[in-house]
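Here's a structure for you.
Chain nomenclature is as follows: A, B, C, D, E and F, assigned in order of appearance, with residue numbering initiated at 1 for each chain independently.
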């Protein structure tokens, strides 16, 4: 049955990145009946779980479990049927070739229509560009030998876009699914301080989307492309 | 009736640029029933008519007339119903505010869905980036005061793309209209040496379009965007 | 008396730009006893007064007057003692050498400690980079002939920073004067739709300022430098 | 005897890259009596041998052997006396320090006048920039400790130059050896679909070489420099 | 006692880099009573000790010892109380995670006010950008898990700045400590040929610092920032 | 007789720029028997004659005369047979089309083998990039209509190269003519403070030229190219 639905792939460095950065795209395509696959390379257990670590007697296994549970809940809210955790560690993230080949195999299996991952640079967080590098390398390997998914890659917005040399090339209207994204946010109790931050990001990109079109768009997500768009329209 | 058809606007520095660089897009949209407006800022009478000037007794009026005739014929072949010549001069091109306001008025009148013009830089030809500057400035003026066409601008491929810091962000499949574009080429008898050059450009971009998709595309045109794409799809 | 207070100069393309983009810096330095000079090259009468033009029977003189009054009120709220309007027109802005020399004379007269103006590029608005070009050219002329103010130039944040190739190099803490800036906003009744937009900009830059320091900063303004900072500290 | 002839070094990620991308330079210098050394880091056995893999019962050893044979034949046609295969694997390529030191030793042994390798970036193929990285790192190591070859490095043209941020800084006239390069092409039967593509690349660069000089040049290869040219002429 | 003094951290690829590139900053802050920590990842034993290796019978241990002794002497002259040598090797430098964690621990222990390291790129020397990468990655790891030093990073000037895409954003006046820096230079007897080179660098940056301010500055060091400056002043 | 000697063209914004920035190239080619044409767009009478203006009773005509005399003397020392002064004014420089056509005519008359002018950007001095713009535009006009000099353009080093986004792509060995350049410097008595500055520039570029080659080069000048080099060698 999976083979008959269109698929997309989201490669997230830490267990929450996919929510803040691409929750709108995920919810939008899930609503359209697509089968969305999310890969969390790590749980963000060291770098993005400070609130949990402040609890007395906390240990690594409990942190990972808590982050996994939050992420699964968020994925469910967004309508993504598949989420897996590769547990490669964070801060620093290190990805060996076995993981790379596992991702390449996933590309070949699900043949995604598009892939979402992080910006190419991030001076605040080296796990993010590594995740994108791996996402790209796995895509290239999956293409070798005659297999050619030719999946376009879209890079979601980093926390401080100008410092990451990231530029929005697509502004995706997520107004229809905003409430779902916000609800998924709120399952991220470890990072409550980011709720308002990413709500404002969506509002700003919404204003910009309206300015760059004739549409009234309240909430948007920005994406950068790696490859040229192949089209039969100029729009 | 014009008001009911969709429109596009092509702003060409010299009378032949629109053919080599965007003849495919013009033919494609003309075929779809759009009303395509072409503005030639000059005839290319000094910089791009060497073959004519080599004829004995040639004078400026005759050169302009010959170039206009060729361009009209090419526009007709491509299916563009409107072509006008602003005769601002070339090498060097100089555009005064009256011309600028005329263009702004044209934007407001036809409300184009998209605009095509030259690359932002060109160390070989200063008329080209000036044409784009004017195309952009007229668009901005047309938007002021509550008018908001918000027309996306696409930059067509210059002769030496890397030297012009131009990068293809959209590869437009023009295979279906290639024969029309080639026929329009051939009405440019003043610049016959470019026929094979631009045929090869279309073939190379076609191979690249195929590589960046799962499609078989024989001929393509490359375009760079100035503004982010506003979309409800990631494709 | 003026000579004894330190001065700063703000060069604003339209009558409201200085409020949205540098109101915090102005209020901060005014509070410190500096004498802030604001130059509005135009009233934004054509490009940024849509709300006024929608009133029946509106004419150019009335629009200009209304925008001037708003801007004077905002300057007063911010504590800027000097505001002048050069009325060079907008959309398109055109600046002749007489205006340039007037600005150069102002540099020599007030010898500002720093200058604030727009980003170097802006594909949405050609008046903005022109204002900065003029601000820089007047500074250069003021230096010629042995006069050397050597004023550093800071570029304030444009509406869509990534599209303008603008990058925040200084995050200025404006939390202490935020209420003043917000009050100055609200005197801009012609552009009420921007109030929330620029409040969110200040909040986002505040979060980023906190992330890039050990400080708790609620509201910030971002600035890009043109020249290297000369310092006896690394901070 | 080798010591008395001038040498050049070509470092090719896969066994065919040197033909498409630098076959002209190789043939040109071989014809001038130079001793050209080609290093193929891999056979391109996984990523660039799709046609072979489509044959029934194909296995890895046979693919490698076939690609090696083709490459040896091409090198011979081009006049390159030395070709070696380091068999480090492709898609993904991984290069350990032993290979790096082997290359550094080669630099010290042959003291090449110039080195040719891939572009610094390539979002379609991570083996290519790795090959260049290794070519550069080996060069740096070979220089340490008082050895100083100071070999200039030239980067040959990637498949999609603009996407790879590659820019032609030298256009090398290869017209005299074009037939040899074309013949070497044709020994690459595994990649016949590329013959016409790279013939057109050579023709386009030839037109551009003519435009950037007073010469009639039919076929050219483009190269980007990493280091400044040291010269006693401006040409 | 250390805890009560402010600290700074210098991460130097080879044992002498910190002297040429940041000796002025070190001396300046040491004079102000700060506790400066210098980390030399290697001794520069292979790549930057040619003069030593020309001595008959030289061996690796003796080279390392000589370079360490010089570096300790230079640190002492500059007033840096702490220098350590991690001996990871040079040309090529390879840094494992144990070294990375050791550096992260150092960040947490000394909580530096700023960090100095190399440029982000250097086509002449791959050890330099690796040192900066490690300096940044250790900083990021040190911040994870609730620890937040948020140390700003400044990149010192490479040998050929334009080729390394390095740009001076801060010009630090080191005139008061120039004689100390020069004296530290002169303890680098293995690289005497660089004394005059780096004296001229300091003089050129001094002239530029004067041009970019109203100050008379004779000697300066240039630094590039990685992160935006957080400030309550525009200066 | 002129027609039989090779020519080069130097387009200098102010009367002294050609000495500091390209005196070595001029002397080198003059020594080889070339006919060097220097065009000074202005005398630098306002922006670069502070020392003269400090003399009591100084007036504009006297300043211009003094600067012209110095420049003629420098040109003579360098061996440049032709120097002309277009007197278009400086700070700000403004160039009308008559001047542009005069320059285009000069291109057609002398058919230079190469052209030297300023960097493309300079935030400290807007006359410099204007001079280059004019040099390029005149070259383009001269080519129109079948005339095709195709002259390569080299950009000489600005005062603060990194701030001007200028990058040395050619390091020209000027050691043999250094004494001549230095002597020409010393005829620039109005700008004595620059003598040592530009001597150090030549020494630094000399060290870099040595590092990028196997040659011993004491003094060099750096140049950036606008167009790709067309060559039959890779050197």
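Keep in mind that, in the parts below, a residue touches a chain if its C-beta (ideal position, glycine included) is under 8 Å from a C-beta of that chain, and two chains touch if they have at least 3 such contacts.
What you see is a predicted model; the values in this text were computed from it and never measured.
Any chain that touches subunit A and also touches subunit F is listed here: B, C, D, E. With centres defined by CA atoms alone, the chain at the far end from subunit A is F. The chain with its CA mean position farthest from that of subunit C is D. Subunit D has its Cα centroid 38 Å from the Cα centroid of subunit A. Shared interface positions of subunit D, i.e. residues touching 2 or more other chains, are given as 124, 163, 168, 208, 211, 227-228.
Contacting chain pairs (ordered by label): A-B, A-C, A-D, A-E, B-C, B-D, B-F, C-E, C-F, D-E, D-F, E-F. Looking at the complex, you find that subunit C touches subunit F at residues 97, 100, 136-137, 140-141, 143-146, 226-228. Contact residues on subunit E toward subunit F in their complex (touch as defined above): 124, 159-163, 166-168, 196-197, 200-201, 203-204, 207-208, 211.
Contacts from subunit C toward subunit B in the complex involve residues 46-47, 49-50, 53-54, 90-92, 94, 123-126, 163.
Only residues 8, 25, 28, 113-114, 116, 148-150, 152, 154, 168-173, 208-209, 211-215, 217, 220, 222-223, 225, 227-235 of subunit C touch subunit E when the two sit together in their complex.
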